[in-house]
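Data first, discussion second: the structure below is written as structure tokens.
Chain naming follows the written order as A, B and C, and within any one chain the residues start at number 1.
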Amino acid sequence: MDFGQFISYIASGTVYTVGVTLIALPSGLLIGTILALLYVYGGKVAARVMNLYSTIFRGIPPLVLLFILFFAVSKGINLSAFLAGSLSLGMVSSAYQMEIVRGALLSVSGDQLMAARAVGLSRLQAIRYVVLPQAVRLAIPPWSNEAAIIIKDSSLVYALGVQEILRRAQLIGASSQRYLLAYLSAAVIYFLLVYATTRLLNLLEQKLSIPSNP
Amino acid sequence: MPEPILTIKNLTKTYGQNVIFQHLDLTVNEGDTIVIIGPSGTGKSTLLRCMNLLTRPNEGQIWLDDLEITAKGTDEDQVRQHIGMVFQNFLLFNHLTALGNVKLGLTKVRHMSDEAATDKALEELSRVGLADRADHYPGQLSGGQQQRVAIARALAMDPRVMLFDEPTSALDPELIGEVLEVMRQLALDGMTMIVVTHEMGFAREVADRIVFMEKGYIVEEGSPDEMFNHPKFDRTREFLWKITELYGKKEKEAK
Amino acid sequence: MKRYLLLAVALILVGAMLVGCVAKPTSVLDKIQKAKKVSVGTSADYPPYEYLDDAGNKTGFDIELMAEIAKRMGVELEWVDMPFDSLVAAVSSGKLDMSISCFNYDEERDKIVDFSEAYYTTEDAFVVTSAFTGTITVPEDAANYKVGVQSGTVQDGWLTEMLVTPGLLPEANLSRYERVDQAALDLANGRIEVMMGDYVPIQALVAQNPDLQVLYHGVLSTGPINIVLPDGDTTLKAEVDRIIKELQAEGFIEQLAVKYFSE
């Protein structure tokens, strides 16, 4: 196998890596944000439940959750390896993203909420128009971190047989005995993916930043 | 016969074991400027926050015009549309321009069209002398400018009463004057105002009544002349003397 | 350790499910024949049994054998790639119809899956580098050195049962790896002194790497290799066994062995 074939075999796993990420990250964001709002504004009972959710899904190794979802849950509903993997990752990510959003919400001073209420906005309006827009900006740096983690953690779906980058590197490495080259290639591809993503998010952060005179 | 706009009866607020204030009575008539003075930590801010229901009192009642706002089932958001509040730390919405800050209540609470809201907001900003800073963000404004925008934001809702919680305490001395000037003009225009402050010059010149609070009680209240020149209680005289000394100096420096 | 954890998890889950199960569902053979397709799991990182050719396609002894079996079953063959560890659990939970990946019979595995007739017999081997100064005249000699093995394999089981448990080989001197190539790497860099594995892939390794040599080979833990089948499915097993016997009688399997195993 020549070098070109070798690299392109590994690189063709990128579509799965990206696919898993594109399911896990946004679903994690959606669920995480809803749960974070419940955690911060939903009262004591809600906060306890959310705390439990966070503890469970941040406490289980993602791989274990993947196996549970793929081998157990899909006895009833037939989930493909790709979906089972993406969804489990999404669930784990939702717990971390909940903490990110929660941190951002709490960082926006409670006084902002009070000032909004003083103008006559309802609690919901105050959260939506005053707290959330400010929280979003605070959440971007830690979220960029989470995005990088998911891109790399997407490799876990190899255990279910999804032909993503890492799995392909393993197979071609073992088959050709050129292990170092295989894993280096995989590393380069992951690096490029993470780099591109963090750069993009950086740009977003700059675009959204609120002007001020220091 | 001036009508009472805000009436407070037997108001008590506790926090755990601590009594912040108890059995307070206060009547504010339309057009009055009431200045509340007293040592820090005596519950003045808490009292203000009870007036617009940001905090709930434990006992007692508050009426806004004829409506008992402390009654069960009152729509608090509704009530707060008619009571404006200005905070010590300005608390402008950081992600919005000055114009955006003033407009928010108009578009989201009053449901005004964007155009109408912009017009009204610019009007209020002119009133406080900041129409030319409409597109500036809070981070680009000085403290005095931020506070004036905060006043415009509160005024935009056409409140019946304006509450000021130590509006100049967080400002550099040179910037206090511009804010007090706006407030003075507001009083002259007939706005009903309740101001917690240490600014004695303002109290003497602008207040209709001064209320001295200490340790959770109203010690004494009266006109500026009465309070400064013939106070009934020694404690009142003592406090006013001390604070005039301290802040009189600050005022001289500021001028 | 992770392997047995997965096996335990799979056991618990499958057990829990079987308890709720009333009658056994339709035979997997019926399902295969209806769909005209059999889905087979393998981990193509194990030359010469299963690996990737230059074009990135699966090839190898097991691969070609399975292709022929599917042909004789009259169905299409769908390969599903999975890490070796996950294959048994996948067959057991119905994710795969069967799996071929140089499986040896194993009691633990037998609890949750079935095995076909043996289609070939392999041996174990101990391989070392040229830097090795010790001797292995009998398999138990390996206990004197640092040993590496692919986890979850029958060699792993043999080492654990025969050397570690009786205290001949300290647990700390046994290194388990997810894949053979990882063990081979550590052998090359000296982290382990001896690697134990299946004789055939080790021969392939040695052919590529003149620094390696096989010190001992024989039937210890291995022996027959089988196809892994769903538990309790007698009709499917009967069909697969029938075809295997057919292929053995025709000399097909021997030809494959010559093609892939001789140098």
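Everything below uses one rule, namely that a contact is a pair of C-beta atoms (placed from the backbone, for glycine too) under 8 Å apart; a residue touches a chain by one contact, two chains touch by 3 or more.
Note that the structure is a prediction, hence the values are computed from the model and not measured.
Of all the chains, the one whose CA centre sits at the greatest distance from that of chain B is C.
Closest to the middle of the protein, by Cα centroid, lies chain A. Between the Cα centres of chain A and chain C there is a gap of 35 Å.
Chain centres here are Cα means. That of chain A falls 46 Å from that of chain B. Chain centres here are Cα means. That of chain B falls 80 Å from that of chain C.
Within the complex formed with chain C, the chain A residues making contact are 1, 5, 9, 64, 67-68, 70-72, 74-75, 158-161, 163, 167, 170-177, 179. Contact residues of chain C toward chain A in the complex are 6, 9-10, 13, 17, 41, 44-47, 51-56, 80-83, 85-86, 89-90, 93-95, 179-181, 185, 205, 208-209. If you check the complex, the residues on chain A that touch chain B are 111-112, 114-122, 125, 129-130, 133-134, 137, 210-213.
Of all residues in chain B, only 52, 54, 76-78, 80-81, 84-85, 87, 89, 91-95, 104-105, 108-109, 137-140, 153-154, 157 touch chain A in the complex they form.
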